[in-house]
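Below: a set of structures, written as structure tokens.
Same chain, two partners: subunit A is paired with subunit B first, then with subunit C.
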Partner chain A sequence: MMELVCPAGTPAALRAAVEAGAHSVYCGFSDETNARNFPGLNFSTEELTEAVAGAHKRGAKVLVALNTFPRAGGEKLWHQRLADAEAAGADAVILADVGLLDYAATHHPRLRRHLSVQAAAANPDAINFYAETFDVKRVVLPRVLTVQEIAEINKEIDAETEVFVFGGLCVMAEGRCSLSSYATGKSPNMNGVCSPASHVAYAEEGNELAARLGGFTINRTPKDRPAPYPTLCKGCFTSENQTGHVFEDPVSLDARHLIPALAKAGVTALKIEGRQRSRAYVAEVVRTFRAAVEAVEEGRPMPEGALARLAEGQAGTAGAYAKTWR
Partner chain B sequence: MADHAPSIPRLPRLVGAAMRPLPLMPVSIALSALSRRIAKRHASMFRRLGEHGNKRFALDPTDLPMVFLMDLRGGKVRLSAHRTAPPSDARIAGPMAGFLGMMHGAYDGDALFFSRDLVVEGDTSAVVALRNAIDDAELDLTEELAEMAGPMRGFLRAAIAQAEKQSGVVLHRVDTLAGGWT
Partner chain C sequence: MELTVGPNLFFWSAAQVRDLYDSLVSAPVQRVVLGEVVCSKRMSFWTDQIPPAIEKLQAGGKSVALSTLALITLKRERKMVGDLLEMGLPIEVADIAALRLIPEGTELWISPLVNVYNEGTLRWMAKRGATRICLPPEMPVESIATLARAGAEEGVAIEVWGHGRLPLAISGRCYHARLHDRAKDNCQFVCGEDLDGREVDTLDGQPFLAVNGVQTLSASTACMAHQIEALREAGVQALRLSPQTGHFADLCQGYADRIAGRISGDELVAQLLPEAPGGRFSDGFLHGEAGAEWSGRTAAE
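Up next, the complex of A and B:
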């Protein structure tokens, strides 16, 4: 059966994911070493240790994301977190930075290494470099590839591949996006926050919900429309009398119906986005996808399940897996 | 591909009408007793709030004639009832079913924001921290009230279950893990 890799922003969400059928759960520490460094989110070392023990008892794995890029002179925190993850009994760490990969391979050789989507390794040469140089066992592929391209990559690499199947989408430059920093001074790759909540303000103005990031109005959503996340890439801007989403529409990935094709393409694991979401989201999405991978494994038709109401934009897209560009 | 879910339930108008004449002071005293009990039993929730553990949150159920102020300043929890929104660091407004459903693990806060059921104003960072802290605490209002009710707990549980059935509002934790975790 394909491995279902599920998000957990809190110990409660991790428990919900495991109970709902996650094969693996990924999470992070409460600091800037991971790309979901949000207020009230993530794990202390004690919480992680307890969560790993509980997950292992139920046959689930725990993967720890250390997927931001250490600042020059500030590497110690990332190095400490690698040691903490290993001490907690984590099954693997998810890394993006070349320096951190090297440090992990040298100082924690028994700790399995996965390559984060933030490393943006999207071709066999790049993936083979990481696999050969740092003994990376699995690569999380960027959300820019078609299913056919993934199949071609899998033929030429000696590592497992993991792909996103549900949740929020980013612009197609993962690991290199600094959009948020132009409005807030902080970005996902350096600080673990895209559109930090401390820089976000909402206001009901007439019949519209105004969303401001760092003082810039980036969205005005009419009353009867779904509200998007306050990210610049999903912002709605007016230029030369035209109003629209310049970078990306606020929709979420839902590749459930592509699971059979992804299995055929040689993909090992399916990833669900959403460490910033509640345990209600985690439980419902994981249950739905667990039923889907079981159905694929047993050759049954894909079960139906409505998840769009949980998604940004309250609508789904197959993303780059089936490219239909505007 | 959009499949908008049915709107979350609203409390019956009768509930709002019945609450309108209630004096605020006894309501505030009862709410503070409940919140102190929850704070004591779920200390990790306040640790998770971090730097936001000294903020004031106005919780504005749009289907009730009251606004609740959760004041965490001074390391204590005080919950008070008001006729209109008092000064606060952040205001969260929406149907009471939304607040209770999030607390009990039935609804996702982001989804309620996308669907416009929930409105957030003020310190967004504090709201995000509060949402995450409450979500992790795995609270169960029915059980908290039942424990406070002493020998009447059985009756209270049955009454709350009936109210939940009639209203569609989630009044107990929906994801209770069988047999605990560790």
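Up next, the complex of A and C:
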């Protein structure tokens, strides 16, 4: 069966994901060492140790994301977190930075290494580079590839692949985007945050709600309509005489129907985005996807479910996997 | 402090490319990086200008390197790295995937589009053959200073983004094509219509970003006119000037004058602002603020 890799922003969400059928959960420490460094989210070392023990008891694995780029002069924190993850019994760490991969391979050789999507390894050369140089066992693929391209990549590499199937969608090459820090000073690479709530301001102006990020208007929504969170690349902008979603339509990834094709393409694991989501959300999405991978495994038709309402209130899309913009 | 001219990020005609590099032969810059970084589809239109440009620039005493693409995806793009190697020059690595295609022993310069954020990564790159690293533009000056010290120990020169619209993101999707309601494979090379990128404003009319094919840049032009002393103090060895339209060789001369103390930061700003794409400057990344911020007084407005 394809491995279902599920998000856990809190110990409660981790338990919920495991109970709902997650084969693996991924999580991070409560600091800038991971790319979901949000207030009230993530794990202390004690919580992680307990969570790993609990997950292992139920046959689930725990993957620890250390997927930001260590700060110059501050690498010790990331190194400490590698040791903490190994001591807690983590099944793998998810890394993006070359220096940290090198350190992990040297100092924690038995701790399994996965390559984070933040490294945006989108071709066989990049993947083989990480696999050969740092003995990376699995690569989380960027959300820019078609199923066909994934199949081609899998023929040329000696590592497992994991792909996103549900949740938020980055259209920029992950880990290579400074849009957020241009507007706010806080970036995914350095601070583990994108379009941070600390820099968001809403203002009622006439019949509209303006949502600004670092003072830049990202969206204006009629007052009677739900206002989307002002994630920078999903904003509405104007270029010359055109106004619209210049970078990305506010859609959310739902690739459930592509699971059979992804299995055929040689993908090992399916990843659900959303460590910032509630326990109830995680449980429902995981349950739905677990039913889907079981159905695929047993050759049954895909069970229909109503996940659309969970998808940021937006339409679901198969994203790049079924590319329409190439 | 030295000056490096980065690769031209935009889609210019062969004649415009030739004029740019002709103008740089006698400009006060120490080195020039050539090559297509953003989109391989543009290459057949202008890359025949590269060999003569190399010859002239080297005759003018400049060091020259060739850049890889920033996002290598297609098979033919992977093969292009081999074509670059045949020229026998240092390679500027703009996509880490290229490292697998470049033999050990090749001199490497590391592009600002490759993530070198800390000493561990810097040391790894040095061992792999890097002699210069242009740091990511979002890096604050304290981090730059730390890496310049590590670089000095490893024999790696540290360079920072000195002037030009900031390269903020790269994508598999082409925004220029999207703005023209075209698919990427049928783009009809519309990015060539916007020689400094196409501006993207907020719904309130604030200049914000600029698209350049699959790349997203800042609308403001980064300008280190007021930061020379801070960067020198941090141990930075070179400023990277990114080609833009207008009198680019004069821009290089302006920075050389500023570095030599012949003109002030304000004088350089006054000289450069009229030709700055977007008409405003920024230097906020250096002090850990939003990158869009500008340390200058009224000159940016």
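In the analysis below, the second predicted complex is superposed on the first by the 312 of 326 C-alpha atoms of A that agree within 3 Å, B and C clash if a C-alpha of one lies under 4 Å from a C-alpha of the other, contacts with A are read in each partner's own complex, and residues count from 1 in each chain.
Everything below uses one rule, namely that a contact is a pair of C-beta atoms (placed from the backbone, for glycine too) under 8 Å apart; a residue touches a chain by one contact, two chains touch by 3 or more.
This one's a predicted model, so the numbers in the text were calculated from it and none came from an experiment.
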item: Which of subunit B and subunit C A:Pro188 touches, first, second, both or neither; value: neither
item: First (subunit B), second (subunit C), both or neither touched by A:Glu240; value: second
item: Contacts of A:Tyr281 with subunit B and subunit C, given as first, second, both or neither; value: first
item: Which superposed partner A:Gly319 touches (first subunit B, second subunit C, both, neither); value: neither
item: First (subunit B), second (subunit C), both or neither touched by A:Tyr202; value: first
item: Which of subunit B and subunit C A:Lys57 touches, first, second, both or neither; value: first
item: Subunit B versus subunit C as contact partner of A:Phe38, first or second or both or neither; value: first
item: Winner by number of subunit A residues touched, once subunit B and subunit C are compared; value: C
item: Partner chain in contact with A:Pro7 - subunit B first, subunit C second, else both or neither; value: neither
item: In the complex, subunit A residues that touch subunit C; value: 69-75, 96-100, 102-103, 119, 121-123, 125-126, 128-129, 132, 142, 144-145, 171-173, 175-179, 181-185, 187, 189-190, 210, 214-220, 233, 235-240, 242-243, 246-247, 320, 324-326
item: Residue numbers on subunit B that touch subunit A, as the complex places them; value: 1-5, 48-50, 52, 101-102, 105-111, 113-116, 119-121, 124-133, 135-138, 175, 177, 181-182
item: Residues on subunit A engaged by subunit B in the complex (per definition of touch); value: 9-13, 15-16, 19, 38-41, 50, 53-54, 57, 196-198, 200-204, 209, 221, 223, 225-229, 254, 276-281, 283-284, 306, 308-317
item: For the subunit C and subunit A complex, residues of the former touching the latter; value: 70-73, 78, 95-101, 113, 115, 117-125, 136-139, 142-144, 146-147, 150, 166, 168-175, 177-179, 183-185, 198-206, 208-209, 211, 216, 218, 284-285, 288-292
